[in-house]
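Given below, in the form of structure tokens, are the structures.
The same chain A turns up in both complexes below, where it pairs with chain B and then with chain C.
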Partner chain A sequence: MEVLLQVLIGGVLLGGLYALVAFGLSLIYGVVRILNFAHGTLLAVSGVLASLAYASWQLHPLLIAVLLAPLLFVCAYGYYQVLLRPLSKRNHFESTVGTVLVTVGTLMILSDLTAKAAGATQRNIPLRLEALEFGEIVISTTQLLILLGIALLTVVMHLILTCTWFGRAVRAVTQDPVGAQICGVQSTRMKALTFAFGSATVAVAAVLYVLSFPVDPYMGFGLTVKAFTIIVVGGVGNLPGALLAGIFLGVAEGLTGLYWKPEWAPALSVVLMLLILVAFPKGVGVKA
Partner chain B sequence: MKHGMSRTAGWLTGGAGVLALAVLPFVGNAYITTIAFTVLIAYILGQSWDWVAGEMGYVNLGHYCFYGIGAYAFSIALVGQWPLVVAIGFAVLITALAALVISVPLFRLHGDYFAFGTLALLPLMEVLAYNLTPVTNGADGIVLPVEQVLKPAYLISLGVCVLTFIVTLRINAARFGYALKSIRNDEQVAETVGVRIAPVKRRVLMLSAGFGAVAGALQAWQMSYIDPATVFGLNVALVPVAMVLFAGSGLRWGPLVGVLVLATLQQWLLVSVKGFQATLYGLIVLLIGRFMPGGFLRARWVRRVPLLSALAREHHEYMGESDAQAALQVAKDGTAVALPLPRIQPESGKPLIELQNVCMQFGGNVAVNDVSLSIRQGEIVGLIGPNGSGKTTLFNCISRVYTPTGGRVMFAGQDLSQASRDEIARLGVGRTYQIPRPFGDLTVQENIAIPLMFNEAPLSPRDAMREARSFIEYAELSHRLRDRADSLSVQERKALEFARALACKPRLLLVDEVASGLTPVEVQRFVEHIRHVRDRYGITVIWVEHIFSALEKVVDRVIVLEQGSLIADGPLSQVVKDERVLSTYLGSAAQASTKTKAQKSPQRAEGVV
Partner chain C sequence: MKTIKQIIAASTVALTSALSVLPAHATLGSCSEAIVLGTTISETGPFSTLADRWRKMTEVFAEEFNKGGGVLVKSCNKKLPIKFVIYDDQSVPATAVALFEKMATVDKVDFFVGPDWSSLGGPVPPVAEKHKIPMVMANVATPSVYDRGLKYIWGTPFPVVPNWSARYFEMIGKVSPKPQTIFFITHDNPVMKGITATWSKKAEEQGLKVLGNETFSPELKDFTALIAKVRAAKADIIYLSSYDNASVPLVQQMRQLKVRAMDVHHTMLTGALHRQVGKDIEGMTGELSWYPGVKGDYSDLVETVMKRADVSMFDYIWTLGRLTSYLTMIQAIEKAGVVDREKVKEALFKATVKSPAGDVTFDERGFPNTGAFTVQMNGGKVNVVWPPEVATGKLVWPSPTWK
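And then the complex of A and B:
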């Protein structure tokens, strides 16, 4: 029983992190209509960077996140303007395959260069605070803090989306790009900003991730697959839906590891996604 | 004449090239042969990928899965002491079956989602290969019980390459190829002109998978060892795709040229750059995606280079008819063009189409509300009503673009409840769309030929192309015969849309606002066309239109919809006096004033509407 509860807590934690990855991807997909295949890899690379920064300079994880986010924002903004935006002028087939190739190429370059520079080993931030015991169940303070971080980030994202001009514009473009443009939303600028913002959220997610689970340069695409499954289940641009779907996936993976074999857990999300698509071709989640 | 000569020269050059490649392993060293072998394998992979992507428009990023499954199935069979041919056959069979199974969820996806779903198969397969240890030997991989087989592997793959190219030519000349091309352009329209898309999609994926499996099997045989990373790795999976896109997906020579250039470059880089292969592949993939996702063969300068311009020809540029064929005059029927349509014998008394309490609900919105009507054969019926009154939705319910949420549609005594879109089209329901939806990257002639290839009495592409000329002449589009449909003006598109609906050889023609936005002369032409197809060929017509002056010239009666409900049904002159119709169109105040005027001079009231 204790083991089950422990697994459940771990699953919720992992799922919450998946959901954070999905938030950014979902925002980007909703506004820019680009599936960024390198999104998860960005998290893996940021995670490696964060762990290196912690190991070399003993920076506080929070500080790392604060430093990393603007860096990613700027890089992603430039990346979008230089590599992705010109493709949107091409016809449908060409812009689809073009963006796929650009982002997949980025994925390959990022993981290979990171592996060459920092080694292909698994890394994390070994920040260990004292554990809290509730009867038989042991929760580390780190885990609690991460859960808190996930909740906080979700709330902040939700507030940004509902209470700021930027957030409303994001939702408007997600629902109807032309309509938003007619109402004065500069959709080209919005696309670049959303791409940058969605990528910057990865910095926070990466630091939280690397605090509790190890990262390596090649794990990124697996994360992208999970994030995409979450979007399919939760609905594009729907944060609460993504959070629920993420937790569901995390717990399901935990239970697969507990009752079957942990090595099958990575396959779960793909199979789940395919099954869901058979049952609900248009996604299960309510559109935000 | 010139055309024929260049064709012969092409075949000769091709034959000589294949022959030269065939003697290569006997004159060159093992190193050269190995490089040539990887190029051949890359061509099989790239071209078979392009059947799904270039021809059908589905970007299958998981094509490498088929390569991997084929490699594993082959290796397992070979370890089990099966003969080579049987092992290859086994690999093809298993892979095609796998393609059949995964086609069920995959083809529920479109566009980006399809691309993603297929790419996600790669990590899934990798996990399977690592963990199904009893079958796949896990991370250790499988060592094949073979010695040096480079020469036979090379020769077999050369043969398969030639076969792949021939299959490509065959696909492009066959009805199957046109089914793929119609799917690429617009699946829904493809169905409403009679193409059964589901089996076509399944078959092309299985075909593509089969060839991918052969490539995997041959590669495994030559390397005599496989493990999960080499056959399912993300790093290598997209290289064949990038090669095809580099030169031009969907072009006859695109995959071949792209593979030749890039595979050679790749071999050179593999030797000269150490350690950063994945980065390098990534960079190539990225640059191709950024700068030439349409392929360099489609760039403008290529058209001016003599040899390259021949390689850059789009598929439909090969569809040239001989001069004798082109000179053939289209048969005339008096002054009008004689269409190759059967003359439908009038069956008096029986309704051709009968709607019984048809409802269409979208969530809480009732778009069509309990509509019952019956139309006899040979009638021309106008369907009118304000914008948003459910006219187009009613058409969509009949042609099964929507599945009605209630009621029944009976066509020629047959219940259409269980019929699919393409079945309904083949039963004899042709339709136009309000905003014309031609198959944009096909020619005008091909647009008309596709319904002729997929109706009850299907024609071969060659015959369909010939028969299409009558319809094109009828639509006065002969001067645009070989032009791509997306280059047409709005008027021309509407004419094409109407002609394509006629080419479905319909008994019932659903015409959706074909005349709106046209000049009076053009409107008059459609009026005459609609009258002509009824009088001459007995086609029943339902015409949605707002232009009353056009309707009154041809319709036998009109049906009025308002907010999804049928509110009037009768001759136009009576319907325009109907109070509900008047209030629907003009509001109650106008109705009151019209009423007083109408009492004074009944004739003028008709003009108001």
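And then the complex of A and C:
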């Protein structure tokens, strides 16, 4: 029983981190209709940067997140305007193939450049706080704080999407781009802003991730696949749905390791996504 | 004027073409040219962290070795210098195969040394076999690579899988309190699985009860489930059979989740692991093939080369295997007494060669009998703790950091 509880706690934490990665991707896909294959790599690269900042200047992780988020926002905004926006003027086929090529190319270039500059080895922020022990169950205080951070970030993002003009505009473009345009929402600008905002959330996710798990420049695509699974299960643009789906995936991976074999856990997300898409071709989540 | 220009251009092209097809060495058996050893090094790609300083090290090795005149070749009644042709195999098997083919046909090297890693050691040897060029591979430790009936292949990995933890198991048979149980955690990789298969069997033969054997994928980041099983098993020894990089999150999470044992043993306790997990590595035991200070044949040469090339044994734990492949080929040429591939092949067959870590004897497959010392991390430093006669530090048992 203790073992099961320990695994469930670990699964919730891991799932929360997966959900954070999926939030940005979900928003971007919902509004911009681009499957950003470089999303997970952005997390990996941000994680490497965060780790370097911590190791070099001993900056507080919170401060690192505060510095990284606007940096990613600006870079992503420029990236969208220069590389992705021109593709939207092409026909559907060219636009789709073009965005896949651009984002996959970005993934490869970002990974190689980071590996060249910072090395291909794993990095993290080794913040160690005293663990809490309840009999045989050990809960890492760092992990508890991360979980709190995930919950706070989910609430903040939910409030931004429901209570601000930006959020309402984002949801309007997600639900009906033409209707939103008629009501005065500049959909082109909203798309660029959403792409930048979704990418900026990765900075916070990356800092929380490297506090618990190491990152390396080449691990990003696996995270992107997990985020796709979460979007399929949780629904496009549905943050509470993504959080639940993330936790479901994290716990499922933990239980796979416990009752079956740990080496199969990383492949579970792909298997789940395939099964869900076969059973529910339109996804099981509700669109926001 | 135009004609002169044309003549100059034609001459340049002709000269360049002629130079480009010239081999890197003179004729085999020559007594006036350097002996050319062809090799590849994983300077880029996933294995580069283990070998990225080896090009310089190899060049320094040639320089230092040639200071004594080179290899004594009896048939020439003189010493011949050695020279290396080095390429980057990018850690990719297909690239390595292509480069060895190029060295055989374009560079026309005399002999092959290297490559490293079992993933390259599988596909590369047939090239040597096809061209009948003796090859002393470096860090290829998987026995099955040598089980294919190839006649031109030898290897100098330190240690080989069947001897990997021999000294560690000898040590735990003599410590007090004596461990009774062991739990294996294995990286999903052929070499690591081979180590676990060998040593879980030997653990049982030694009277240790094997409480579990869990395999993990190198992509796995969350080890909670695996660690929960390990904690529940309450084993005296936890044996991590893993490459250093893949085990980083595992070691960190074992500390976070307060795993307890008499000892946690890691099959690749390296400087890279130390840099990544910091003090979490404290108190762990592992293997090290050799270290500067242990005197043996060629140890002064190896120490000088490593110092000049800025290669630390703890950071680049496979260095001895690499340098021993060079030393083995040199000794085989000396034994053959002639720069002749067939004669050198005969000299290598079931040979015993000298190395800084002791004699290396090859069986009929070309597989060596190399072993390793047992080390322990204490106070941020790596100490050899077994066997006692070469120890540089005292074994702390049970490990206080895993209490």
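In this section, the second predicted complex is superposed on the first by the 287 of 288 C-alpha atoms of A that agree within 3 Å, B and C clash if a C-alpha of one lies under 4 Å from a C-alpha of the other, contacts with A are read in each partner's own complex, and residues count from 1 in each chain.
Throughout what follows, a contact is a pair of C-beta atoms (placed from the backbone, for glycine too) under 8 Å apart; a residue touches a chain by one contact, two chains touch by 3 or more.
Fair warning: this is a prediction, and the values are worked out from it, not measured in the lab.
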Just from the overlay, do chain B and chain C fit on chain A, or is there a clash? fit
With the two complexes superposed on chain A, say which partner A:225 touches: chain B (first), chain C (second), both, or neither. first
Given the touch rule stated above, what does A:113 touch, chain B (first), chain C (second), both, or neither? first
Using the superposition on chain A described above, determine whether A:273 touches chain B (first), chain C (second), both, or neither. first
With the two complexes superposed on chain A, say which partner A:261 touches: chain B (first), chain C (second), both, or neither. both
Taking the C-alpha centre of chain A as the vertex, compute the angle to the C-alpha centres of chain B and chain C, in steps of 10 degrees. 100
Could you say whether A:132 touches chain B, chain C, both of them, or neither, answering first, second, both or neither? neither
When the two structures are overlaid on chain A, which partner does A:90 contact: first (chain B), second (chain C), both, or neither? first
Figure out whether A:35 sits in contact with chain B (first) or chain C (second), or with both, or with neither. first
With both complexes overlaid on chain A, does A:105 touch chain B (first), chain C (second), both or neither? first
Report, in whole Å, the shortest distance between any C-alpha atom of chain B and any C-alpha atom of chain C after the two complexes are superposed. 5
Intersection of chain A residues contacting chain B with those contacting chain C? 222, 261, 263-264, 266-267
Chain C partner contacts - residues on chain A that touch it in the complex: 2-3, 6-7, 9-11, 14, 119-124, 126, 128, 131, 133, 136, 138, 140, 142-143, 213-214, 219, 222, 250, 253-258, 261-267
Spell out the residues on chain C that touch chain A in their complex, using ranges where they run on. 46, 48-49, 188, 214-217, 219-226, 228-229, 231-232, 245, 248-249, 252, 255-258, 272, 275-278, 280
Where on chain B is chain A touching in the complex? 53, 57, 59, 61, 102, 104-106, 108-109, 111-113, 115-117, 119-121, 123-124, 127-128, 130-131, 234-235, 238, 241-242, 245, 249, 275-276, 278-279, 281-290, 293-294
Chain A contacts chain B in the complex at 29, 33-35, 37, 83, 86-87, 90-102, 104-109, 111-113, 116, 221-222, 225, 228, 232, 261, 263-264, 266-267, 270-271, 273-275, 277-278, 281
